[in-house]
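In what follows, chain A forms one complex with chain B and a second complex with chain C.
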Partner chain A sequence: MSLSRKTALAGVFEHPARFAPNKSMFQIMAESVRGALDDAGLKIQDVDGVCTTGIGMSGMGVVGFCDYMNLTPNFVDSTSIGGSSFVAHTAHAAAAIAAGLCKVAVVVYGSTAASQRFAIGTGGGGGGSDPCDQYEVPFGPTTVGSYAMMAQRHMHEYGTTSEQLAEIAVTMRLHASMNPAAKYRELITVEDVMASRIISSPLHLLDCCIISDGGGALVVTSAERARDLKKKPAYILGCAETVRHPARGRRDFMEMAASQSGPLAFERAGVTPGDIDMAMIYDSFTITVLMTLENLGFCKRGEGGAFVGGGRLRYDGALPTNTDGGGLSSNHPGMRGIFLVIEAVKQLRGECGPRQVKDCALALCHGTGGTLGIRHSGATLILSNQ
Partner chain B sequence: MADEKSDKKKYAKPLPRLDEESRPWWEALKRHELYIQKCRDCGDLRYYPRALCTNCLSSRTEWVRCGGKGKVYTFTATMQNQAPGFRESLPYLMAYVELDEGLKLLTNLVECKPDEVKIGMPVEAVFEDATPEVTLLKFRPAR
Partner chain C sequence: MPTKYVEVQGCATYYYYTGPTTLPDVVPDLSRGRKVILVHGAGSNGHSWHNQVAHLGRLHSPIAIDLPAHGRSSGVEGRNTVQEYSDFVVAFLDALGIGTAVVAGRSMGGAIAMDMAVRYPERVEAIVPVVTAAKFNIPPQRIEALRGVAMGRAPQAFVTDGFSPATVKDRFEIVREGWMEQVQTDPRVRYTDMVACTRCDLREDLGRIGRPALILAGADDPITTPADAELVHGRIRGSKLRVIADAAHHLPNEQPAETNSAIEGFLAEL
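After this line comes the complex of A and B, so read on.
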């Protein structure tokens, strides 16, 4: 059974807040749901599916949020696989709708990570109480440190340079400069990135995503119903997800979850990397983008350094990537997967103003959650306006 | 004054939460010995220790002595970490070491400076007695 073009994104909303100390997580989420339903032309009474998770949320947060919204849906999903969760939720909602489990699902996220001063990348011992954590937390594995180790290895194996990684940050900032909602909009240069302090070698401050408040929501429904709604549907063509971990001590760490979820999603969508008009690639760190592009098959493994240069990732380049400015410059409220889907849908509708990608018909979103160098998840979603 | 002195000695970094499954690993480290798990049925080596072989699901496990020699697979010098214990010991080196037995494990590199570390560099195990109960497996440049 193929899911392709059976369901669509009918409404999206990115919460404009980047710093909201006066709002609760649920308030940001509720305002986001309202925005996405308005965008779709639907009412709260139409919603019978709810998908959410969050960094500030308890394990049963989805039930708490249903309480806040006074919802009693027929489908709930709180898959919690890190920042990629919302890309996976979109796929799960699509599957649920195609299977008849619900009719209109909202995928929602909200966080006050910045105003509560979460030290997301550089805090904690880097682990919880799962049995595996005892072999890691004593050594101080920060989130940035885990990604930094992958950058170091990539440089060793393939000769990738810090300047090549910096190109990614520079491009994301260019895109942010064209996004009025972005948190950081001043243009930067490769030299600026190189001159910023090292957080965890070889990654500089400007190789790291920002921390903001924020949230967003998506409305998923059947393709048939979406065609009768306010906005042009973004059809879900293909999706896939998986995880990577140290593999009992045997992992090839340059191989990511994306190398499995990417090809599966392409196959299910019936398209190839060469067909993609724009990509939203989770940019927790510059290295995440470079390695994800390789692992999805946009270039060969080891060629990412050269691939991301020469303006290729610019909104007017061959593979426009993270046209909203990404987590590196626009927003990163702890988890960012939802914004990948929101921007992709806006691009497919042609709503992006000065940063609009020309003739954008096919978009790819890939979320990476968790820590690339220890355990991470990957979720790929391919969308089309046709 | 005595209190202040004992506070200084207190180990501030997070400690492993031992359980029955992991106890033989940690007890060996406490004796300054390194043992890894091998499946008695299919021979698969595994790290971290767990009750079942992930290859054949057998519970028949033996612990085999490991030489503690390996190479740096990758590393990072951490310059920023707000967590107690770590914020006082910046920069510190976190690394994956690939043991000669073929297993990669997350650890710290000690007795060397960040600019002295190279991927592929031979390293050897050091046993760091963090507390009277817990010894951590770290690595230093091979001598």
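After this line comes the complex of A and C, so read on.
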């Protein structure tokens, strides 16, 4: 059974807050749900599916959020696989709707990571408290440290340079400069990235995503219903998700989940990387974007450094990527998966103003959750406005 | 010290007050003595006035605010000029239904208080400029260093030059507190505040101030020196000047008792 074009995203909303110490996580989430429902032209009474998780809530946070919203949905999902969770939630909601488990599902995320001073990349350990974490946590890895190790390895194996990574940050900032809600909008150069201080060698400060408050929500419903709603639907063509772990040292740790979820999603959508008009790639760090593009098959392994150069990722380039400014410049409230889908939908609708990608009909979102080099998840989603 | 929010110019503005707490959107009781608005310095926040709020709250109704994007107030960008900050504080007074108030300000906040007395005399009962200047003399390399921090080129340097040698030697916890207070605000905001300060020149305007003024300076302050305070004192008619020993740019925390009694005495004479 194929899911292709059976369901669609009917409403999206990105919360404009970047620093909101006056709001709670649930408040940001509730405001986002209202925004997305308004966008779709639906009411809260229409919602019978809720998908959420977050860094600020417990494993049962979805139940608490339903209480906050006074919802008793027929479908809930709180799959928690890191920042990619919301891309996976979108796929799960689509499958649930196609299978008749619910009719209108909201996928929502909110966080006050900045105003609560969460130490996401450096302060916390790059590992949790699960039994498998005993192999890394005692040695004190940090999230940024593990991603930096990937960058180091990529440089060693393929001769990738810091300047090539910097190009990604510069492009994201260019996009952010055209997004009035972005947290950092002042243009930067490759030299600025190179001059910013080293956080974990070889990653500079400007190679790392920012920390902000914020949130967002998506409304998923059947393609049929979406066609009758306010906005042009963004149809879900294909999706896939998986995880990668080092398999106790037996797997090349540069192999990402994207290398499995990407081809599977392309196959399910019936398209190839060459068909994609714009991509939203989780940019926790510049190296994440480069390696994800390789693993998804946009270029060969090792060619990422050259691939991201020459303005290819610019909104007017060959593969416009992270046109909202990404986690590197616009917002990163702890997890970013939801914003990948929001911006892709806006691009497919042609709502992006100066940063609008021309003739954008096919978009790809890929979320990465967890920590590259240790354990991570990947979720790919392919959307179309046709 | 209770706190709450009020919406001002689209910014959820955080403020500290005294007395009984009230429900959201209900203005706290401000009927004791004088209403005193305490405005913090560049890159700082309202908590830097905690000694004054606690003490003045016994007889008066002090309120210390977090300017936009500072401390716990919302937003990621401050304002570009001292004048825009003054407009903001006036909008804050409107939001709380305060007609006139005594405005005390430290450093950049002091410039805001003086500018309010110049441009909004009907809203200002008296002013207390604390460790401030009519024209800030901030070395360009200091601005450049802050720009480097804002651009991510350098970590924020831990410096003690805003404190009196006596504070550094005997009461290092005050230095530590000052550091912890300013890291609550994005360094980009601190940078734009400093730029706003360098753009501000009130020397020609001070003669128009017709409100009582108490000017407080720290004897050891290298940033806004006692000479800067003298100039302000000379230009605001009828103003009083107190230069407090063993204090520098963090006077309200370095010498809280002296600061409090000076302000309290001034308020009693109004």
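A few comments on the model shown:
In the analysis below, the second predicted complex is superposed on the first by the 386 of 386 C-alpha atoms of A that agree within 3 Å, B and C clash if a C-alpha of one lies under 4 Å from a C-alpha of the other, contacts with A are read in each partner's own complex, and residues count from 1 in each chain.
Criterion: a residue touches a chain if its C-beta (ideal position, glycine included) is under 8 Å from a C-beta of that chain, and two chains touch if they have at least 3 such contacts.
Owing to the predicted nature of the structure, the values given are computational and were not obtained by experimental measurement.
Contact with both chain B and chain C is seen for A:197 once the two complexes are overlaid on the shared chain. The partner that reaches more residues of chain A, of the two candidates chain B and chain C, is B. By the touch criterion defined above, A:115 lies against chain C but remains apart from chain B after alignment on the C-alpha atoms of chain A.
Legend: residue contacts after superposition of the two complexes on their common chain; A:152 is shown touching chain B, with no touch to chain C.
Contacts of A:21 after superposition: chain C is touched, whereas chain B is not reached. By the touch criterion defined above, A:60 reaches neither chain B nor chain C. Contact with chain C, but none with chain B, is seen for A:183 once the two complexes are overlaid on the shared chain. When both complexes are overlaid on chain A, the residue A:99 reaches neither chain B nor chain C. Within chain A, the residues touching chain B in one complex and chain C in the other are 197.
Of all residues in chain B, those touching chain A in their complex are 13-19, 21-22, 44-48, 50, 54, 73-83, 85-86, 92, 94-96, 102-108, 114, 119-120, 130, 134, 136. Chain contact summary for the complex, chain A toward chain B: residues 119, 122-127, 129, 131-142, 144-145, 148-150, 152-153, 156, 197-203, 246, 248-251, 253, 373-374. Touching chain C in their complex are the following residues of chain A: 17-23, 115, 183, 188, 192, 195-197, 204-206, 212. Of all residues in chain C, those touching chain A in their complex are 5, 12, 14, 69, 72-76, 151-155, 186.
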